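Two complexes follow with subunit A in common, the first pairing it with subunit B and the second with subunit C.
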Partner chain A sequence: MPEIIWTIIEASIKALAVVGGIQLMAALNVYLERKISAFAQNRIGPNRVGPFGTLQPFADVFKLFLKEDIVPKNADKFFHSLAPVLSLSIAIAVWAVIPFSSYVDIGDRRIYMGIAPDINVGLLFILAMTSVGVYGITLAGWSSNNKYSLLGGLRSSAQMISYELSMGLSLIGIVLITGSLSLNDIVNHQLAWDGWRWNIFLQPVGFVIFLITAFAETNRAPFDLPEAEPELVGGFNTEYSGMKFGMFFLAEYANMTTSSVLIVLFYLGGWALPVPAETLGLKDGSIALAAAHFLVFFIKVLMLLFFFIWVRWSIPRFRYDQLMNLGWKILLPISLLNVLLTALGVLYLK
Partner chain B sequence: MIETYVPLIVMLVVGFGVGFLFMLLSEWLGARRTTDGKQTTYESGMIPRGTARDRFSIKFYMVAMSFIVFDIEVVFMYPWAVQLGTLGMTAFWTMFVFVLILFVGYFYEYKKGGFEWD
Partner chain C sequence: MTLSVVLFAVLSILAIASALVTITSKHPIRSAMGLVFHFFMLAGLYLTLSAQFIAALQVLVYAGAIMVLVIFVIMLLNLGDEEKLKYKVNPRQVIGIFLGAALLVMLGTIYVTNVSVAGFNKEIAANIGTAQFLGNELYTKYIFPVEAIGILLTAAIVGAIVLAKRKLN
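The block that comes next holds the complex of A and B.
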């Protein structure tokens, strides 16, 4: 069989596994969010479905599937249905270039843990997909033909494109240091030298900017203006019901996972083990080493997810003019300067 | 060369497959008890007035324009950033001038109030 068929088979199997993983992570996020917010507010949180309420998110999704799918009479039917599809599909498609562990050698075939983490356009693909993600929300707001939806959609898209600039610029610092757009290269560059090569130490300013923009891109508190309940009901998803609403919901939590994963990969050393692999007696390319890498990576991601939720229940929402000021007047010039300084540093220290 | 990008296409197909599957499932499995009241536009329980296809603040348009201007600059920076190690100081000064011109435009828009939000 030609090589291309194998590539397609391998990619399809990985893709299905990753899709399942994303749904599970979204479910986990919902559960964590509800439990942690309950503890933050001195409540118990979901505790009826399954042990400690762990099956609650699955029950919610099944319920949403069975709920009536209401499409308003005045809505643009086609785009009203397309918008959630676009949101969810793009949130899934980003994972084409994201690795979650090193690699496994089976025979003479090296299998990377990720669909195409070695691809030379990785970072650009992620940025392109985040840009397309804006369309889902804008379309949802416009096609509903509802004033709240329209305002929510507009706010959300304006916010996302404003912060996308700083996000793209902060990532240039990492590209400068690594000299590659492939996510595998970015992580491998941080693996050497145990800890102190993590990009968070080389790019502290870039890290803070990326963290802030990650919150804004995922529309999470303190930047959750698109769905500021007291003023806009539900924002862009006011007119959605049933699983179409559920798709926005899933996409939002999938994006939260993606952001945490990206922060770990770009700044926190990815799957770097705390001790060299040799001292653990794990062979390069073995399944055990890949599993250990995945475990370290997953723990870091969970800590970041907790941080996302923690911030939501600690910090009040921004006002819209404050949001725009922060994005355009503070983050944009700082990230531009950061790019120039990083470039100088890379040239002089190499 | 094109084979390298096949996994991306596979993932896009799978992603959109899942998206459309979910949409179709929600339309097939969902209850159907439609009434006129359900299908009206939601406006906090009031009878909807007018349409949402109305004019909205010019500010959103300004933000979108500024975004396009600056985003194109960012796109220019990516190939530069990848190759800076091999290109050396010349490339740095070229980009320095580029960013300088960008900053002139930025301060012009700043002073003109393009980033003000009232």
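The block that comes next holds the complex of A and C.
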């Protein structure tokens, strides 16, 4: 068979695995969120469905499937249905360039763990997808023909446009240090110094900015103004019910996973093992090493997910003007300065 | 028929269809979303020409930034369906049709005569498309135009802020 057919088969299998994995991660996030919020508020949390309530998210989704799908009379039917699909599909599309472990050599084929982690515009692709991610929420707000939805949609687009800039600029520091836009290269660059040349040590300011903007881009507390209940009822998804609401829900939790994964890949060393692989007796390209890499990576992601949830249940929401001030007057100048200093550092130290 | 030909056919048909939606649709949001879809198809076409960098920027800048702003404005103004205006022949439209026809004829002649660009081959094209190559060229060979455009854009931004501030007072 020609090479192209193999490539297509390989990509399809990986894509199926990734899409399934994202849904499972979303379910895990929902469970963790409910459990951790319960602990934060001195409650028990879900404990009826399955052992320790672990099957609760599946019960939730099943319930959403059975619910009646209500479309408001004056809504724009086409865009009202399109918006949740857009939200979810863009949230999944980012994963086309995200690696989650090193590689496995099978025969003379080198299989990377990720759909296409080695393309040399990977980082730009991620930025592009986060910037079009705003369409789902904006269109949902507009097409519902409801003032609360519209305000939620407008808020979200303003917020995402404002924080995208600082996010992109904080990543420029990493691109300057690595000299590549491919996510594989970014992680491999951090594997030096026995796996401890993490970008968080080289780019502490960039890390803080990226962390804050990641919260803003995923619309999570303290930046969850698009769905601020006291002011906007439910925000952009006020008029959504059933599985259409479920898709927004899934997209939000998928985005949370994606943000955690990106922070790990960009700043926290990706799948770098704490000790060199040779001391563990693992060979390059072996399945065991790839599994070890994945395990390290997954633990880091879980810790970040916990951090996301922890922040949401500890910190109150920003006011709208505070949000804009933070984005434009504090984060943007700092990230510009960070780019300048990093460029000088790279020029004179490298 | 190779894969690239199939991809080109699908992408270009969808691009033309979404462009038609953009100019024929009466509703401003539908037009804008048609244009967004068109930009995605254009990005796909750039990819078939191995111009990955331009493809990513096409989505990032046009679909992700400019069109979000356009949709933002349409939503703020809460525009409804376009009202039917009385149709008048506009000299600009006539000139536009002629220029469009001229472009079509030019492209047609290139296709028919099958001009080949000297020294062009697939490997060079794939190399030109990368971010590294473009960055190198822009910041060495074309540094003056890049800086000039930068100053021009900064001036435009400052001007926009000054105008907006004056209106407020």
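Everything below uses one rule, namely that the second predicted complex is superposed on the first by the 348 of 350 C-alpha atoms of A that agree within 3 Å, B and C clash if a C-alpha of one lies under 4 Å from a C-alpha of the other, contacts with A are read in each partner's own complex, and residues count from 1 in each chain.
Just so we're on the same page, contacts are C-beta pairs under 8 Å (C-beta built on N, C-alpha and C of every residue); 3 or more make two chains touch, one makes a residue touch a chain.
Please read all numbers here as calculations on a predicted model, not as lab measurements.
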item	value
First, second, both or neither for A:T7, with subunit B first and subunit C second	first
First, second, both or neither for A:I334, with subunit B first and subunit C second	neither
Partner chain in contact with A:Y135 - subunit B first, subunit C second, else both or neither	second
Which partner, subunit B or subunit C, touches more subunit A residues	B
Contacts of A:L302 with subunit B and subunit C, given as first, second, both or neither	neither
Touching partner for A:A343 - first (subunit B), second (subunit C), both, neither	first
Touched partner set for A:F79, first subunit B, second subunit C, both or neither	second
Partner chain in contact with A:G153 - subunit B first, subunit C second, else both or neither	second
Which superposed partner A:V71 touches (first subunit B, second subunit C, both, neither)	first
Subunit B versus subunit C as contact partner of A:V311, first or second or both or neither	neither
Those residues of subunit A which subunit B touches in one complex and subunit C touches in the other	4, 119-121, 124-125, 150, 154, 157-158, 161, 164, 181
Of all residues in subunit C, those that touch subunit A in their complex	3, 29, 33, 36, 52-53, 55-57, 59-60, 63-65, 68-69, 71-72, 75-76, 130-132
Complex interface listing, subunit A residues touching subunit B	3-4, 7-8, 10-12, 14-16, 18-19, 64-74, 81, 84-86, 88-90, 92-93, 95-97, 115-116, 119-121, 123-125, 144-151, 154, 157-158, 161-162, 164-165, 168-169, 172, 175-176, 179-181, 233, 238-239, 242-244, 246-247, 320-321, 324-325, 328-329, 332-333, 336, 339-340, 343-344, 346-347, 350
Interface residues, subunit B side, partner subunit A - complex	3-8, 10-12, 14-16, 18-20, 22-23, 25-27, 29-34, 38-44, 51-54, 56, 59-60, 63-64, 66-67, 70-71, 74, 77-78, 81-85, 88-89, 92, 95-96, 99, 102-103, 106, 110, 115, 117-118
List of subunit A residues in touch with subunit C within their complex	4, 76, 79, 119-121, 124-125, 127-132, 134-135, 138-139, 141-142, 150, 153-154, 157-158, 160-161, 164, 181
